[in-house]
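Here subunit A shows up in two complexes: once beside subunit B, once beside subunit C.
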Partner chain A sequence: MSEKEHKVSRRQFLTYTLTGVGGFMAAGMLMPMARFALDPALQAGGDTDFIRVTSVDDLTEEPQRFNFTIEQEDAWYTSDVDRVAWVYREGDEIVALSPVCTHLGCTVNWEGNEDYPEQFYCPCHFGRFEKDGTNVPNTPPTRPLDVYEMEIRDGDLYLGRTVQR
Partner chain B sequence: MLQKIYDWVDERLDITPMWRDIADHEVPEHVNPAHHFSAFVYCFGGLTFFVTVIQILSGMFLAMYYVPDIVNAYESVYYLQNEVTFGVIVRGMHHWGASLVIVMMFLHTLRVFFTGSYKKPRELNWVVGVLIFFVMLGLGFTGYLLPWDMKAYFATVVGLEIAEAVPVVGTFAKTLLAGGEIIGAQTLTRFYAIHVFFLPGALLGLLGAHFYMIRKQGISGPL
Partner chain C sequence: MKWTTSDIDMYLKAKEYVDTAIIPLIPLDWEKDQKGAVSKGEFSSILIEEMEKQFKGRLFQLPPFTYLISEHNESKIARLKEWDRHFFDNGFKHIIYVTCDGDWKRVEQQIPDLLIWVPALPLENLDPGYAKEMITGQMKQLLPLITDKWQSEPKERNS
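Coming up: the complex of A and B.
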């Protein structure tokens, strides 16, 4: 390559340096604010404690609704929030389902519609789930109900986070 | 690439004359620090505006986390400063910038004073400048209460007692500013609204007038 092709005029040189320096300074000013605003989206999810929900002896083959309370930390605001689980046992196995509809987040009820016995029913857009949480085909939800992580200590059932299946 | 986008828009909307009219003027020699170094005093107005832009930007971002409520205000400021990434920096920009803008404004005023630029035909712009000065003081006063800590609270107690000392209308002015008899919940929400909506609105209007007059009258001549 010859010298000629690389000729940069004084004007060009000034434009490049000034835009470069100016851009660097603007970035230094704007970057902290952008990162500050993005923070909630970049924060790792916190751990959840396991909370005692019921004694294992009280569980039946029929899903039962259990209410329990977790301590929720929401930025500078800590509060007790109610949680719901639909829990039943099948032989030795215990299943604890989240009541949050996998369509758009409304709340499902066991046998919430008398036309659909033995199913979970969502009133918002008529979503349905089998007893084990699998979504009924041709209703709006596209995946099974989430399940709670669980632990059994001294005959008591403890529930933690919900996980997708 | 950028040049192509610019040309495409310019071909349709003819934007070149618009920005040239606003931005493309020769800097007179007596105002250009490259000719006379002492001319840097002419930069103070622009620097005041620069810090104001930083105040507005950082303030908008602070408002994403801040709540103007006496129970949560302090906690939210604590959270945004200590838990949110770069919170110290963004709050620091707003906190130190609030003082810096006053310093810059003062230096700019000194330059205008000692170059005699307030004289005919620029008297009105001096008046607008003084109004901007009061709006800035108002922003500093109302913003200072927002963190709702001891310093904030007692600074406002003192400030409102000063307002109360005004003859005849003092008590009325104090109650109006505090939003009642106590300096509390209603004072905080009121100061917040004044700080983030009323005064910035007034400020932008005044700055518009300020810059329009400069554009119209040009910079004042050499001494």
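Coming up: the complex of A and C.
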């Protein structure tokens, strides 16, 4: 290898490296900003995979509470987040509801108030929802509980992100 | 709701529904029992995190009221009353103080609103699944304290 060639290749190497690092840094800054600006949905629902929650055989007509953990990435952190779903089965249909009150976000409970059997109850401002998640008129929530996207594989129920209705 | 800009936006739109503030009382000590102080702070934030999750729409979680363990009761209480007055006058009908520091229990009478004192459990030695169960158990006892408070009239402040 001649001296000249060697020099050029070293300069080239530096140029490439510097552009590389600079480009990489710019992308590192721009990408989250673009994601932040373009896709606010990422923030709300989180970009999650499907997680196994229970075996389908364990589901009943009575909504049951299931806890599971997802990994959530938001603008600054990746963290394990505990999720809750109220799941029931009616015939062939399986429904998995989010427990987050659509009024201001408290956690609702199935039959959380003795006076309202067969309903979800929100302790914060007494919001109520029917078994299928429909909001009861004249209580503060104005839309039904969100539902989880679901998949059934080998007799197991997997839940994904929540969807507004 | 939490001390974040997005939750504040939500709060400003729905103020009339958010009538309760929660304030952690966190002791500091870097002289003798660092670990003790840290574990008190850590445990109370776990509990408060859970409370906030349950009652997000009605409860605002404020930054902690911190103090050196050597600070005298009179001075702590005086400062606490200033916080209480500020938040009570500006929209919170109920203020809940949560702590793992037993010293507050002894001066409970002088605390302007509800004090929830819970001894810190040594979660670090527990299997994570079991620790979660313990917390869930604790919450079953603590959450009704808050819903009961909502059933009652806001506590009167003198003067």
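Here is the rule we use: the second predicted complex is superposed on the first by the 116 of 165 C-alpha atoms of A that agree within 3 Å, B and C clash if a C-alpha of one lies under 4 Å from a C-alpha of the other, contacts with A are read in each partner's own complex, and residues count from 1 in each chain.
We take it that a contact is a pair of C-beta atoms (placed from the backbone, for glycine too) under 8 Å apart; a residue touches a chain by one contact, two chains touch by 3 or more.
Quick caveat, the model's predicted, so the values are computed rather than measured.
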- Message: With both complexes overlaid on chain A, does A:125 touch subunit B (first), subunit C (second), both or neither?
- Response: second
- Query: If you stack the two complexes on chain A, which partner ends up touching A:104: first (subunit B), second (subunit C), both, or neither?
  - Reply: second
- Message: Quick check for you: in the superposed arrangement, does A:76 touch first (subunit B), second (subunit C), both or neither?
- Response: first
- Where on subunit A do the contacts with subunit B and the contacts with subunit C coincide? none
- Note on the structure: Contacts from subunit B onto subunit A in the complex sit at residues 54, 57-58, 61, 64-65, 72, 75-76, 78-80, 83-87, 89-90, 93
- Note on the structure: subunit C residues touching subunit A in their complex are 10, 14, 17-18, 53-58, 147, 150
- Item | Parts of subunit A lying in touch with subunit B, wherever the complex brings them together | 29-30, 32-33, 35-37, 39, 42, 75-77
- Query: Taking the complex as given, what residues does subunit A use to touch subunit C?
  - Reply: 101, 103-107, 122-125, 140
